[in-house]
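Order of writing sets the labels: A, B, C and D. Residues in every chain begin at 1.
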Amino acid sequence: MTTMSLSKALNEGMRKAMEDDPKVLIMGEDVGKLGGVFRVTDGLQKDFGEDRVIDTPLAESGIIGTAIGLALRGYRPVCEIQFDGFVFPAADQIITQLAKMPMRSLGAIKLPVVVRIPCGGGIGAVEHHSESPEAYFTHTAGLRVVACSNPADAYTMIQQAIRSDDPVIFFEPKRRYWEKADVDTSSADWWTPLHAARTVRQGSDVTLLAYGPMVKTCLEAAAAAAEDGRSLEVIDLRSLNPLDEPAVMDSVRRTGRAVIVHEAPVNSGFGAELAARITERCFYHLEAPVLRAGGFSTPYPPSKLEEHYLPDLDRVLDAVDRTFGY
Amino acid sequence: MTTMSLSKALNEGMRKAMEDDPKVLIMGEDVGKLGGVFRVTDGLQKDFGEDRVIDTPLAESGIIGTAIGLALRGYRPVCEIQFDGFVFPAADQIITQLAKMPMRSLGAIKLPVVVRIPCGGGIGAVEHHSESPEAYFTHTAGLRVVACSNPADAYTMIQQAIRSDDPVIFFEPKRRYWEKADVDTSSADWWTPLHAARTVRQGSDVTLLAYGPMVKTCLEAAAAAAEDGRSLEVIDLRSLNPLDEPAVMDSVRRTGRAVIVHEAPVNSGFGAELAARITERCFYHLEAPVLRAGGFSTPYPPSKLEEHYLPDLDRVLDAVDRTFGY
Amino acid sequence: MTTDASRGAEAPPDLVQLLTPEGERVEHPDYDIDLTPEEVRSLYRDLVLVRRIDLEAVALQRQGELGIWASLLGQEAAQIGSGRALTDADMAFPTYREHGVAWCRDVDPVKLLGLFRGVNHGGWDPKEHNFHLYTIVIGSQTLHAVGYAMGIQRDDANAATIVYFGDGATSQGDVNESFIWASVFNAPIVFFCQNNQWAISEPLERQTRIPLYRRASGFGFPGIRVDGNDVFACLAVTRKALEAARTGQGPTLVEAFTYRMGAHTTTDDPTRYRVASELEAWKLKDPIERVKAYLFKNEHADQEFFDSVAAEADQLGADLRRRCLALPDPGPLAIFDHVYSEPHALMEQERAQFAAYLEGFQA
Amino acid sequence: MTTDASRGAEAPPDLVQLLTPEGERVEHPDYDIDLTPEEVRSLYRDLVLVRRIDLEAVALQRQGELGIWASLLGQEAAQIGSGRALTDADMAFPTYREHGVAWCRDVDPVKLLGLFRGVNHGGWDPKEHNFHLYTIVIGSQTLHAVGYAMGIQRDDANAATIVYFGDGATSQGDVNESFIWASVFNAPIVFFCQNNQWAISEPLERQTRIPLYRRASGFGFPGIRVDGNDVFACLAVTRKALEAARTGQGPTLVEAFTYRMGAHTTTDDPTRYRVASELEAWKLKDPIERVKAYLFKNEHADQEFFDSVAAEADQLGADLRRRCLALPDPGPLAIFDHVYSEPHALMEQERAQFAAYLEGFQA
């Protein structure tokens, strides 16, 4: 057990993956000498060389497109998109090529490409630096979409993502990069599979469903609610596609109430899918409609407004209260 | 009243808009001399000249990016994306610029840009020519997203979209391009507002919610169901963002059951939002969960499989049946 | 705005040509090629056979057996010349029109038909042939090709990559990004642009105001314009560019100056946008006729040879037709196959539900 | 792989320079400029004032009053030279670093701070100043600028467009597409690339292996490299390029060869990736010092003038600081403002719900 930050855990996980498999490459803007603007790839170029840790030209479509080519040649590229809001120039390569090429080839092609995206707000940044674009990718068949929420998961999940033969969109909660926790780097035995959710707090009254940065927020809300005598279960989804349906449905069937929390705009967000699916599967168990606490259905606002825009403890508890209004 | 095909109705609508306002421009690949691969812009370049009907270089990001610039200069560009699957190179310009620039400017900038996208399958085409990418845009705040389903709406909605000061993503059901119906080109008085849904068949047992190409499928399903004594109400949403909530909720509250039908993959599709929102608003009125009949959560398959992939009359009725299983 | 008026009959001055439309061998200071009569006959055979494949596919489409077809008519020399320049170790990335290159890579022609018939999106294993799948999204394969070439660099392999694209494609951001990547990383790649003068209905002037091969100069690597209807020149130029790539000299852009003799695809109607005289002028530059003339004039082949190739072509056409019709339709549950390489709960769920639904009809 | 070794001290040979770092006027065959002492003093004042604005903003960021700031330090001449070349009718499209150009367009400096302070994403009306909003997504404004220029063509107006971008931006697909559009439509636009040698931590060699101004040759329009630290040369070169644009001669790419003296932004730490000697070498080429030297040597200004400009700068700085602190925070419901220009049901619904929620806390 070592205590480390989430960003360090990602760094160690990538280092381990690179040591284990010489085909693993890192690519992106400023990932080399600088170690990335968040230092997640710090020191990797020094230790693995410029051929394996590639500072690329400034073009996201180019990053994903050439990563696909490298994967076709047998490499396993891990691409960094510098900030969530800059993934869109790569949308075509991700949606029409990365996601669809394996099926296009009738299985002859595997594309083990990981696209790392620091995501979410709460860091006081300017426009395009606080987005939560996961729903664009959960709607894109052929991709796996995961989000880590804590250092221990970050360490294991990044390695699992790199080892997956499918393309993985890997969301990293940038405002949690510096939060520290224990990480067991000694063994891989106990690792939860990449597609599995994890119940991070047990409860009986309402199920809170979250991923990435909002897991912590939900845990705080659950702690606060406990003081008021309400027992909230918190599930860290970890994987958005595929979704760990058994874990989610079991919980909601027990509690009868669910609140989904994400930073992305509610309208057509990933929470919509989750709510719709829970309602289909747990209709008779629901005491209230599945509610969503998320970003408003607007562009991400200037940072002076983000505390209002982002779901926080109060907004989560408000949604919880509302589920009891039914 | 004139009888015309949906593609001709769009053509006439654009012609009218261009006559009414010299600032209206048409841009896209092959929209000029060829009149577009679907002939939707047929004859417009001949009549309005190359300065107003612009055959562009082959680059979708360029089309939307320069259209934004033209709009900043006071023009009202109507862009054609040749096929649904080719909108993704323009994703960045649409998502980070077109949708967000008005808010970025605190209202100083209006971007009256229309992005026409022939969408959907059923025409036996090769890959990327049968996609239904609406959910990527309904999740993008700042855009209006609409879909026409018949010639009369096509004629009016395209003009309303062009007149709107907001950017509009305008979906055209390509497999309905050649279907004919009466269009009243004489007056604009009776036009339904662009954001309003329309009840296209009244019924009392289940509400079918559809847009674009699936409206006709739903009407056929409703006709078939009527023979079995089931009364299905069919709503043509017309606008996906904003959604005409009163129209939808009123119907579902009456029927107690709803089935959403779209061609796009179900997973994280627009139907998810609709289902989640209906459940929030109509919880006590629902006899069954809102069900979704849509494309499978896979890439669009080769055309020999599309009849299986796309929701058809049987799949719609199957979903209707299932809502009675609750 | 037209600055390149060479789309018509005259050959532009900066064109590498080794065989005239009349079948005369000409010299070029930078490019030469020494072909045995045997080799020339073999190229002729390639040209004739791929034209026949193409013709058969057009006919199959007309008869409703294919949904659509993108004809290579007129571009045979560009494709056979460049395709025959490749070694087994080289990797090729095509668009949707490279049936001639596929032929050079030993892809069974019937496998090309799958995507146009709608039974699959791509029917061969790229690794088996070092020939990637057809790519429909204009330009996106150029980045895959550069990435692949960067892999070759890392493997220290004696190989190069070639990527095909059209004149229209040169306007896409991806293609220009691929130029940057290739140049910055000095990747072993040949950019092979078949300038067939048209991107559907749009003439070259909608994409550029200077000759396309000059685009490369803006990115710091050489660009060459070759007579795309001259199989000798295409072979010589591509060979040299590939060899430069293999030996660490980085990328080259080859513009094969040619003409799309047919429609863009079988659904296109070119009479709406181009004049018949243009086509007539280009007919005089036919890529096959000039090789035939050369073989005849130099007495490298006799009528028997031409007849035997024609017979082989007929045989190939008939065979292709037969095997096209025998292509099995995929079963409905194939929708869920290969979406993921590893097990995926949602795929399994949807597959099972759909299987049950289908069974409901049988009951 | 470095082929352009000129990032350091020596001026590259193909550089347009009219004023040496030592303050000597030099002649150039293609570019000249005739400036009155009054005009030179005015340029000097601009340079000093925008440097002061920048300095103050850096300080405000250090003190937590701004979230971040992108400094123009070292790029003053490129921005003032090009900015002063514009007429009122011309339109400018900036990145996030064009504070000097904003100054030339009469945008109140405090309005620049809004986005960096997080009170808005862009605080001025582009139409009022013919100065577009700052754009953060690298390269995307180049297409807007070309579209705008196409609008100018349609209006038959006597105006041109200028668009700013960095060396890193030249790798983006959008930027290259904008070159294509501009060239094909012969749009009245000047592409003004401030090559400050770095894109965050990446040196120029990660984006190109030839000098950037040569990119234009691949697209069929002229490219020129100008000493970006020489305000005279920047003014002369931009003026000529704008005039060419206005008179139907189409686009020009100007590469202003300069250096980012500070960090990429206030959150960056350049010591991680670049050597101190590079900075030292560039200090000798300071864009302000050379104008000062010129004014002194030619006795076009005395100490009193320099003192008065310094005093004005101090005043401007203090004033900017005061007004920055006074910038009002937006109220929470501003989240819903201006998302749409016309009424939108979901905005109204969410606004109302959130207002009610907020009121719940007050109750």
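Rule of thumb we're sticking to: a residue touches a chain if its C-beta (ideal position, glycine included) is under 8 Å from a C-beta of that chain, and two chains touch if they have at least 3 such contacts.
To keep track of the chains, here are their UniProt names: A, B = Alpha-ketoacid dehydrogenase subunit beta.
Small disclaimer: the values here were computed from a predicted structure and weren't measured.
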item	value
Pair with more cross-chain C-beta pairs in contact, given A-D and B-D	B-D
Chain whose Cα centroid lies at the greatest distance from that of chain A	C
Inter-centroid spacing, chain C versus chain B (mean Cα positions, whole Å)	36
Chain centre separation (chain B, chain D; CA means) in Å	41
Geometric centre distance via CA averages, chain B-chain A, whole Å	31
Per-residue overlap in chain B, given as positions that touch at least 2 other chains	56-57, 59, 61-62, 85, 88-89, 92, 96, 100, 103-104, 127-128, 141-142, 241, 267, 297-299
Touching two or more other chains - residues of chain D	120-121, 137, 171-174, 177, 180, 184, 206-207, 339, 346-347
Chain D residues within the chain A interface of the complex	67-68, 96, 114-121, 136-138, 168-169, 171-174, 199-202, 206-207, 267-268, 272-273, 329-330, 332, 334-336, 339, 346-347, 350, 354, 357, 360-361
Parts of chain A lying in touch with chain C, wherever the complex brings them together	51, 56-57, 59, 61-62, 64-75, 89, 92-93, 96-97, 100-110, 141-142, 144, 164-166, 195, 241-245
Complex contact set, residues of chain B against chain C	29-30, 32-35, 37, 55-59, 61-62, 85-86, 88-89, 124-128, 267, 296-299, 301-306, 308-309, 314-315, 318
Complex contacts: residues of chain B adjacent to chain A	61, 85, 88-89, 91-92, 95-96, 99-100, 103-104, 127-128, 135-136, 138-139, 141-142, 241, 264-265, 267-273, 275-277, 279-280, 283-284, 288-292, 297-299, 326
List of chain C residues in touch with chain A within their complex	120-127, 132-133, 135, 137, 140, 142-155, 173-174, 177-178, 180-181, 184, 337-342, 344-347, 349
